[in-house]
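First chain A sits with chain B, and in the next complex the same chain sits with chain C.
Moving on to the complex of A and B:
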């Protein structure tokens, strides 16, 4: 797992990792994963999916002062599963179903049994897909890289 | 994080209409002080919190309204509830709170500790939500009069300390500064704005 999303293996790190994967993958993957689940638990909304704006902050060159780069649309959701665990999701965009499923899977991942099953069946393929997508984008970007250099103009010799 | 969210109760089932409905109820209660209003919503409140208090909180609280709870240990679930659904911070000093939730009115520390606003900005005062066991309309209680009340009306509000009404009357001379109060009992509530005159 040599991705930049790898935050270590503490409890929060793991959760942050899978929440990130569920949020960044396509909603189709989550639908598929939900359909493939043999034991689909009941759940109810603590906070029904709702769309809002979140300010994205950045640093010039990655090191400068933080500045407000712009706002992005985010849909969030919180669910409570029948077994008592609570799942949260924040997903970029306006897809409510995506936020709902991401929250449900976050709740499921907190239960050991589901986690063992989902780790291989859902998380690993999503991660492979996202890593390869990222590598593809990086390769595409790298191909357009331009090196700026200045020719010697011979001004010193006149 | 995995454990403290376990007790979280859902907010309004249908947030926009439910919040509007609750807000309309609060307006009604504040415009007609002493008139018993029903919250009447399908809402499961957190432990130790009245349904009416939960509905009022969900429609009025936000990240700009620090909350103070009279019994933080008893109302821990309510604290989480409002933090999650409304983003409201809770404060330890009653004087800093915009809203105070009082679950045991008999033990309530004096009303003087709450923010009464200033003469320039009387609106920046605290609003108290006081949970009581029962509110009944009967002659031997306190008599309310003032704006919004056509004929002086009598109410009996259980569970208040003996000194409460004296403290409330002492605030009347401060107008326009003052404290607005909502009494809740289950899903019923009444408003007691600062303009209402109280006689015991």
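Moving on to the complex of A and C:
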């Protein structure tokens, strides 16, 4: 069982990475990951799952002045694990269970023992799935690549 | 003057029950599911999310079902729902340069790095009704072809080529300026471009399409070329206060249009191309292009052009672009105006009798 002393050494970069993966993957993957855990810790909500909005911003011309484009629904959650670790989640959409599990796994990933196990058992498969989804879309898109060519129309000849 | 009208509760309840029955239609036909709308009516879902100003495919599908496919009504439902939710944060500006591109075309360059990718498009279809779709044969469709793809390399922006040569105005971030937000602050003219872009992004597609068309027909002409249209997925990042570092909350599909427009120049500045920008949720070329054309037309003041056409008049455009506001004011005419009308009726009777040199006729019984 990991203890709260194990966390704190985690760098933002890694945490950003896994939080992003938990948010982007399907809730079923997290549900399965939770079911597969042999040692499921108790946790309580610091912030029960709640749904709200995030204003999405774009930039004029893609790179210029920022503007408010429109909102998206988002659900957030914060949990305190029995070992003292705190997990957070912000997940686009309105699925409370998704935000809850993402927060729990964020907490677990901050404990060294869990992290060693979850890196291979949960994170790697999620990453493979998201990459493969992207590759499939890219391959289909690539098949629609065109080479336009221009023709000189002959009206002015002869 | 407004005078309240009471009564009619039973009739209203019954009318809504009747609506529910008609919405369901013939019960021998299976009921439409939200999954079906979300997966197979994506054009409607994208439009409702964009104009409803909430990216949530399931909510948009529900709104479309509830509105019986009346998209302006569905937009209204989504806007109303939005007001029930707290706003947690504003995102970091999305980086469309890092988009996972599923469509990317340019009308200004034939050959360009990354190529022309048609993606799933209605372009170049013959617009002939496909009667094979009248049968449910979708599960036997041949899979889409694939080709080797370079995943992970960002697609360069077409207009960067012009920018590098200084031939087009640069778009430089101004991050010290908080963008305006018309959902929080009332419009006050003249407005900042950020507020205009927000207004156009959620504006009614039909209105913007017509205005865009009007600029092409000579009412505020600005000689546009579609420099680049790209569609695909981008990450949405926020920096939660309690964390202090950016995290991805998900990915959204957007369509972006960059128009290249006629030059401007002055005694101090050499002539260069100008820009119009469109950005919308989902796959909506027509809306993104309309937005870009109208954005450019509305930059007339900033570019010292004469303002002579409706599409260049920001008050006119921004006060009339919102379908929810427009339908509300037009449709309120259906509601009881009995007392208003009685006073008008009385007035016209008086005017007529004085016109005819007679004593006023007695008022009609209520």
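Just so it is clear, the second predicted complex is superposed on the first by the 125 of 158 C-alpha atoms of A that agree within 3 Å, B and C clash if a C-alpha of one lies under 4 Å from a C-alpha of the other, contacts with A are read in each partner's own complex, and residues count from 1 in each chain.
We take it that a residue touches a chain if its C-beta (ideal position, glycine included) is under 8 Å from a C-beta of that chain, and two chains touch if they have at least 3 such contacts.
Because the structure is a prediction, the values reported are computed rather than measured.
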For A:90 in the superposed arrangement: first (chain B), second (chain C), both or neither?
second
Between chain B and chain C, whom does A:56 touch in the aligned arrangement: first, second, both, or neither?
second
Contacts for A:80 in the overlay, against chain B (first) and chain C (second): which applies, first, second, both or neither?
first
Regarding the shared-chain residue A:149, is it in contact with chain B (first), chain C (second), both, or neither?
second
Taking the superposition on A as described, I'd like to know which of chain B and chain C A:44 touches: first, second, both or neither.
first
Dominant contact partner of chain A by residue count, chain C or chain B
C
Can A:141 be said to touch chain B (first), chain C (second), both, or neither?
second
For A:110, is the partner it touches chain B (first), chain C (second), both, or none of the two (neither)?
first
Both partners, chain B and chain C, contact chain A at residues 12, 78
Quick check: in the complex, which residue numbers of chain A touch chain C?
12, 15-16, 19-20, 23-24, 51-74, 76, 78, 88, 90-94, 131, 134-150
Given the complex with chain A, which residues does chain B contribute to the contact?
1-2, 5-6, 8-11, 15, 84-85
Contact set on chain A toward chain B in their complex
11-12, 44-48, 50, 78, 80, 84-86, 110
Chain C - residues contacting chain A, complex
49-50, 53-56, 58-59, 82, 85-94, 96-97, 100-103, 110-111, 115-120, 144-151, 157, 159, 170-175, 177, 179-183, 193-195, 197-198, 201-202, 235-236, 238, 240, 242-243, 245-252, 254, 256, 258, 275, 277, 279, 281, 295
